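Listed after this line are the structures, all set down as structure tokens.
You will see subunit A twice below: alongside subunit B first, and alongside subunit C after that.
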Partner chain A sequence: MRQPAFQLGMARLRDGGVLRGLRAWHVAVVLLALAVSLAAAATRLGTLGSPSSALAALIDYAPFILRGFALNLAMSVLAMAIATVLGIGLGLMQISEAPLIRLPARFVTHLLRNSPWLVILFLVMYLLPIEIRLPGGGRIPLPDWVKATLAFALPVMGNISEILRGAVRLIPTGQWESAEGLAFTRGQTLRYIILPQCIRRGIPPWMNWYALLTLSTPMASIFSVHEAVSNAQASMEAAGARPELLLPFYLFLLCLFFVYIYPIAVWTRLLERRYAVR
Partner chain B sequence: MLELIGPFFRDLNDRTGWNFNVFYDPYEYGRFLAGAATTLQLIGWSLALSLVIGVLGAWAQSARSRALRWGVDAYIQAFRNTPPMIQLLFFYFGLGAFTPAVDMGGYSQPVISSFAWAVIALGIFGGAFNVEIFRAGIEAVPDATLEAAESLCFSRLQTYLYVTLPLAFRISLPALTNNLVSLAKTTSLAYIITVPEMTYVLNQVWSDNLNVPEMMLVLFGFYITVVTLLAAGLHAVERRLVLPGYGR
Partner chain C sequence: MLFADPIAAGPAAIPQDRRALVSLRDVRKSYGAFEVLKGISLDVGKGEVACIIGPSGSGKSTLIRCINGLSPIQDGSITVDGQEVNDPKLDKLSLRRKVGIVFQQYNLFPHKTVLENVMLAPLKVLREPRAQVEERALSLIAKVRLTGKERAYPGELSGGQQQRVAIARSLAMRPEVMLFDEVTAALDPETVKEVLATIRELAAEGMTCILVTHEMGFAREVAHHVYFTDGGVIVEDGPPDRIFREAQDPRTRQFLSQVL
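Our next item is the complex of A and B:
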């Protein structure tokens, strides 16, 4: 049963949900402060060896790293869009009644879910061509970042397919039967009755997978896609490749991702709790 | 083993050009075995470390000290919400730069090897998820059970060790299985800090022999096999330890 938003809000206030969220925000602030202080400490170490400090280098190169981070975000959004569309398709195939469609879909889902992201990334990066030749003579170039985006979409696609299958299985059998009694076809039942209910259930895990996908995009740096990590590594190289740069630069990258992912994680948890109310 | 499968794969190479040299060339076969052993060890140690951290963290979260609880909370949020790959780089390059090196007679070697850093980083990363999983399990232990233990004169520690933990472990097993399997997959990331595990080794093999598609297939097959076996093993444990009276 759904409750009015106000009552839900009050209930959350009572059980400490909102307060817990606030406390978590404090943790974020503390972490950021920690990062800055660590960077400052590393700077002090750095001044012993060279005139320009590590922190100054970090500030110098921050815009460059942030530009890389924008590519991370673009890849994550694009990959999630691809994964959602293909994953829903694969999930629908998984719940098909024809074994000829269902079994291959299940096998593909199993493969996609059970192989490491890095292995899929290698597979796609090495086996896809640099460009696609169209029959008419046209050519579509496939830059590395596009291939990486496709690679990141694949494991998420498998998991979205599984989310859909799980959500459909949780719908009570009575709903299928009553829809049949009202002369709905199978397609109509799915379209108007079953799938709309799955969306609510599916959104928190879907957001969770978006967070995981975004956290995986740095792997593209292995193939020198110019995203945050490879830009940071290039910056360190350009700033003299001093060992005292490593700590602040990597810490900065960690904070960058944390600041983006953490609110998403908190929001996911809130939605999870809201949708869990029966 | 090599005598058994070697001729087939050599023949396959001669006839079709599919060069699975890790299965007939003794040198490459040795590399393959070493990579497999490293990957399995890496999986074993990181899973073990993550479990230990999970239990300790869950215990610390139920502690009375506010600072301890905050510390564990900060740890979980920090490691759950940042990319594992950058965590590895941070540990290996960032912190590794500060660990001392020992003189090995002619060349110096850091005290903590890349393998050890991978175990530490992956263990801490997986542990952050395990803490939450165990915490949820501990919270799910019915109060009546704990009260019963108290009335039997169990001390706080005894209740925790003999009642709460075994029950919590069994309640959290399904979620734990998922996380451990995903952690096993994440170990392939150790490639980026040059741990000679399967991904790294096969990378070298295909750079030396230019048989990328074949080795890719081997890599894919290897991980699918390992992950499927691990999942099957953990599911078997799950079935054996299932709590009577819960679920279906």
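Our next item is the complex of A and C:
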């Protein structure tokens, strides 16, 4: 009897009812996981000390931590926007016919893709000034969170550049030939024929990198950027730095990121599967 | 009646103006050390239909691709309407506007509808006004008998339909000569007929055509002149009746005995 309902659910997932599918299955799973982990935390704390006071502290400080999480999201969206624009530019340079453009672009791409994010973060934090002086005398301040955002954008930019190069290479040469036969220039061929066909293929890996980027934003806490992890640590400090606070606070952080990222991951998988079929 | 009885009609009379539109002189082309074309000469006049036949690997596709400058030649000369194709100063775009090409693998743009496929080049390359382009595109789609499919995507069409869209797409640039490279080779027998009908109609209207084909019956019916190539040279050429009935060269005879 469960079989038809299950198949119906799967069919719905496949037929593009992504949001409905997410509501039906995955949000339920996520909430369940959240509840179980909180309950587990509570029982474990029960043996250690005063669970009620630890949970009360968490509830007290939750708004502060959530405000920090909003910064994580802002950094991730901004960094992704920067990475997308620059990554597409770098990717286009990578497929240029001029070696003087192509080879440096390839080098930069490899450098950005194959360096530890943390090292890039340290470099950017120390190399960028705290403000940019404009020739006119104006000043643009560069707060730490902006620098961190730029640092997170760099490795993703390298990967987007590589996604673009790979997607262009996968377009059959017949597309280039028929465009050439119709008197399209190389630039026109890319713009009207090749790149539009790459978007579809590029979206799942692009989303994947967004998820990874978001999960890396807590690294900014090393530089006391007031994002979620940093704020959670400050909260625990303020609540008396008791060891029984660690588990509920960190589990809370885990759930925050999970609730945000997991639907993206599921959606990415759905898109991947849908594009693979065609 | 749209098409005259093919056998009775024969090729349309060649116009009096026999000025060569496409002219090849001693064309040589190599891939690395491997010489594919070893001195090819031929002339195709305005309104003429030339068929190139020959075994696989004899360089037919290479020859076609050289004519619109898709691949460069090492020696000799190719002129289209008096323009030297391999002149480095030549505007490749102006050449390709004059020469349409259709490939075996239709190579339609899969993310565009039939109408968009046909309209794209005139809009972006010729920069003609949209209304004018759309009117011409619709009449070309009608001409290849695909009215009603304007909004379909290539993936929703049969091979024969896709190939006819490819022909319409090429015609939308108003070329003076059309190159066809085994355009029916990937199709099943039923759809081959539809595509051949389209080409036959074009030929009857006086379009200059150079076509590589394995459809010997069709070559015999529409061609004014047939070239048999083997090993990078033209072994024998002449009117279809002579080539198909009384070929002189043993290689031609052997090839024809295998395919007929």
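Quick note on the criterion: the second predicted complex is superposed on the first by the 226 of 278 C-alpha atoms of A that agree within 3 Å, B and C clash if a C-alpha of one lies under 4 Å from a C-alpha of the other, contacts with A are read in each partner's own complex, and residues count from 1 in each chain.
Criterion: contacts are C-beta pairs under 8 Å (C-beta built on N, C-alpha and C of every residue); 3 or more make two chains touch, one makes a residue touch a chain.
None of the values given here were measured: they were computed from a predicted structure.
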Subunit B and subunit C placed together on subunit A: clash or fit? fit
Original post:
If you stack the two complexes on chain A, which partner ends up touching A:Gly187: first (subunit B), second (subunit C), both, or neither?
Top reply: neither
Under the stated touch criterion, which partner chain does A:Leu246 make contact with: subunit B (first), subunit C (second), both, or neither?
first
**Message:** Applying the document's definition of touch, where does A:Glu177 land relative to subunit B and subunit C: first, second, both, or neither?
**Reply:** second
Larger residue footprint on subunit A, choosing between subunit B and subunit C, goes to B
Expressed to the nearest 10°, the angle that the Cα centres of subunit B and subunit C make at the Cα centre of subunit A is 100
Once the shared chain is lined up, is A:Pro141 touching subunit B (first), subunit C (second), both, or neither of them? neither
Notebook entry, point to check: Counting only touches as set out at the top, which of subunit B and subunit C does A:Pro129 meet: first, second, both, neither?
Noted result: neither
Touch test for A:Pro99: subunit B only (first), subunit C only (second), both, or neither? neither
Margin query: With both complexes overlaid on chain A, does A:Pro196 touch subunit B (first), subunit C (second), both or neither?
Written below: second
Superposed, subunit B and subunit C have a smallest C-alpha gap in Å of 21
The intersection of the subunit A residues contacting subunit B with those contacting subunit C is none
In their shared complex, subunit B is touched by residues of subunit A numbered 23-24, 27-28, 30-31, 111, 114-119, 122-123, 126-127, 211, 215-219, 222, 229, 243-244, 246-247, 250-251, 253-254, 257-258, 261-262, 265
Given the complex, residues on subunit C that touch subunit A span 68, 70, 92-93, 96-97, 99-101, 103, 105, 107-111, 120-121, 124-125, 155, 166, 169-170, 173
The residues of subunit A that touch subunit C in their complex are 172, 174-175, 177-178, 180-185, 188, 192-193, 196-197, 200, 278
Subunit B residues touching subunit A in their complex are 70, 73-74, 77-78, 80-87, 89-90, 93-95, 97-98, 181, 185-189, 191-192, 199, 203, 212-213, 216, 219-220, 223-224, 227-228, 231
